[in-house]
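Below is one structure; the comments refer to it alone.
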């Protein structure tokens, strides 16, 4: 059952210290900024954050990092021109980092949602990111054994939800949302608006309601 | 580059003896009946057919089987009330059968299209369908190692294509089409009609043109 | 795990409809449910319309509607039994790999299946008689068996020959290991537990008679 | 594999724009292409509009348009470099797992990347300097390196310090093994082959000078 929340505060209630939080978005597209603000207010500590980047500027993930709430970041691309908050914490040894190739990150999250125990992936074979990992030759190519990456919580930014919890996305803001929604115990979604069930074209629904636990409307982001 | 074919005969040209052919559809929904007719006319022999079922009645896959063109069937559910053609060939030892659980069949086809070398799957562990297969305990559960299932050819029934080769499906006729389209060297699609590029809503395109080699319009099936 | 009052015991064996009604009563409001082909489809008739139970069909639809009638019949809109169904508000579609990922990933709350045999430890046999001339056809049975959070079985307690189907160990080929949670039969409802098989209700028989009839350890949990 | 006439040699070293133009000339009409972040994006400016080349961006779009300007800017429509782009007719969207499945599955014809170093056997190093204080950030580089059918590298042949970047073996951490097919530089175009590195054209230098400069086996293939 999907709960329609009336505030981001309600949507972010009950997040435990030590939780693994999947955070959608690529750049600002699909970034659940309102949910991240509410996560900061909610106060849980010692979090593991799984996201493509490790925060930009001083808001969102960067603000969460700067408040010392994050123990570990799992991401593909932590180093950016405006990732000074993460850079500083990392160089001071205050945050752990696991770098995962972007496609392997997405596939490990998918595997968690899809009940796949592990998979052999050619990406990164022979590189330092595969050091210590089990490998196997398959089809004449070295593959690395990769494990599912599940979250306690997923924070997703989508376009529109219906009252049942079905989601549509918009253009490249889709990115990590649909796979992360499948891979968390509790999936929390911010949308621009919530419409009556039946108003969304079934052929456009990318995340069915079964993957959505809480949804909150935050208004148009543009 | 997607080729728009003017006949199913043109669409089915050049299929070699011994080819592995992925055939979409579940029941009659999404079944590429016109392409199967053209495959029969085209004449290749010694085929391996990968599909959910093993033919119904006397048409389509059943007709292909009855003409002795099929060496092996890989499917989840060969035995149905109207699968007499397959039943007879099987009992006479004239066709090989590999039974794969339906979800594992879909996932193995996806793996082939997604460049996954192999995956550990909990389905079927401890059953006769896992006999002789490698297993591993993961997360306290026995998983079976499953390998990708690729096709030389995929025959898909979709709803509408644009001239670039992008596809939309309709309701539960989507079924195996999108994954099979990713997993074959040559993907051949029958659609009800072909529209100008730009007429399909990008948010509804389920199979991007990159997966479509040939498309042919066969008119409304209803 | 039970969220409803246990079904009261009765003086007569239950009809198929009564078994289906008992299953329906034990499905919590708002559950995501897959009803297997055959007898389990009867459960749909007994789920209260206002319970918000959402049906999944493994051929790629969530929030499946009732059977279609007359002009509603659409060959592109069928269930896993290949029966035409309807599209209620809030329905969504997905391809086969995504549909079975949903199942295997543990997102469905309940799956209801028929069975040839269930063992005291929850092993399920429901796909193959093992007869030498039988064509093996598994369909989605193994995926369904291991995928849902809880698996309910519906069956008569005895074969037509009077042999119990609740057994110390299955003699038919297995569908899944230790996967069954509840068994709804004409003569009793059972729950598989670490302490043995709990009898939750009896119908037209007694606990003592069941203990005499069945070669499995029974616990009276009425 | 080459479908175009080789670029003629010239008397002067090539500018970045000329390198980009040379890459563009070697992209066959109708190819599906991913242009990496940075210098490779220049290639788009040199692809003829009527060549039907279709661009993929790994954040989930096929048939990506040119950079957006003015009112076209839409925060939900960006490329992998997080630059706003446009949506041409025939564009489609997909989530991150599907996007990298498309890449890893070998469906893209060509990927163009920058590089720190390329080894004579086609090993690529382009993601990490290995400096002790550098934060490792791989993004999609490893996926791109192993995913496309052919990988083109664009770089200056020498570092600013005058050290060759085409080397017997990479000293920087690897991105992918034996994955590079072509190397387009200011001074020459190279093809990696089993017989050594083929020189396809020279610019402002001679084959003899290249042989003296580079510590790799060169084959004159002009």
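By letter and in written order, the chains are A, B, C and D; residue numbering begins at 1 in each of them.
Assume contacts are C-beta pairs under 8 Å (C-beta built on N, C-alpha and C of every residue); 3 or more make two chains touch, one makes a residue touch a chain.
Because the structure is a prediction, the values reported are computed rather than measured.
Visitor: So which chains are sitting against chain A and chain D at once?
Guide: A chain counts here if it touches both chain A and chain D, which gives B.
Visitor: Minimal path length between chain A and chain C through chains that touch?
Guide: Step count on the best path from chain A to chain C: 1.
Visitor: From the centre of chain D, which other chain's Cα mean sits the farthest off?
Guide: C
Visitor: Using CA atom averages as chain centres, what separation in Å is found between chain B and chain C?
Guide: Result: the chain centres lie 29 Å from each other.
Visitor: Can you give the whole-Å distance between the Cα centres of chain B and chain D?
Guide: 35
Visitor: How many angstrom lie between the CA centroids of chain A and chain B, rounded to a whole number?
Guide: 33
Visitor: Between chain C and chain D, what is the separation of their C-alpha centroids in Å?
Guide: The separation of the two C-alpha centroids amounts to 55 Å.
Visitor: Counting only residues that touch at least two other chains, what does the list for chain C look like?
Guide: Residues 87, 93-94, 101, 103-104, 147 of chain C touch two or more partner chains.
Visitor: Where in chain B do residues touch at least two different other chains?
Guide: Residues 107, 110, 114-116, 121-122, 169-171, 202-203 of chain B each touch two or more of the other chains.
Visitor: Could you draw the chains as nodes, link the ones that touch, and say if you get a line, ring, star, complete or other?
Guide: Topology of the interface graph: other, matching no listed pattern.
Visitor: Considering every pair of chains, which are in touch?
Guide: A-B, A-C, A-D, B-C, B-D
Visitor: Which residues of chain B touch chain A once you look at their complex with the stated criterion?
Guide: Residue list for chain B touching chain A: 107, 111, 114-122, 136, 138-139, 141, 143, 147, 168-171, 201-204.
Visitor: Can you check the complex and tell me which residues of chain A touch chain C?
Guide: Residue positions touching the partner: 1, 110, 112-116, 162, 164, 166, 182, 197-198, 202-203, 205, 208-211.
Visitor: Please give the residue numbers of chain C that touch chain B in the complex, ascending.
Guide: Within the complex, chain C contacts chain B at residues 57-61, 74-79, 82, 87, 93-97, 99-101, 103-104, 128, 133-143, 146-147, 173-177.
Visitor: Can you tell me which positions in chain B touch chain C when the two form their complex?
Guide: Contact set of chain B toward chain C: 26-30, 76-80, 86-87, 90-91, 97, 99-107, 109-110, 121-129, 142, 159, 169-179, 206, 221-222.
Visitor: In the complex, go through chain D and note every residue touching chain B.
Guide: Touching chain B from chain D are residues 29-30, 32, 52, 54, 56, 62-63, 87, 89-94, 101-108, 147.
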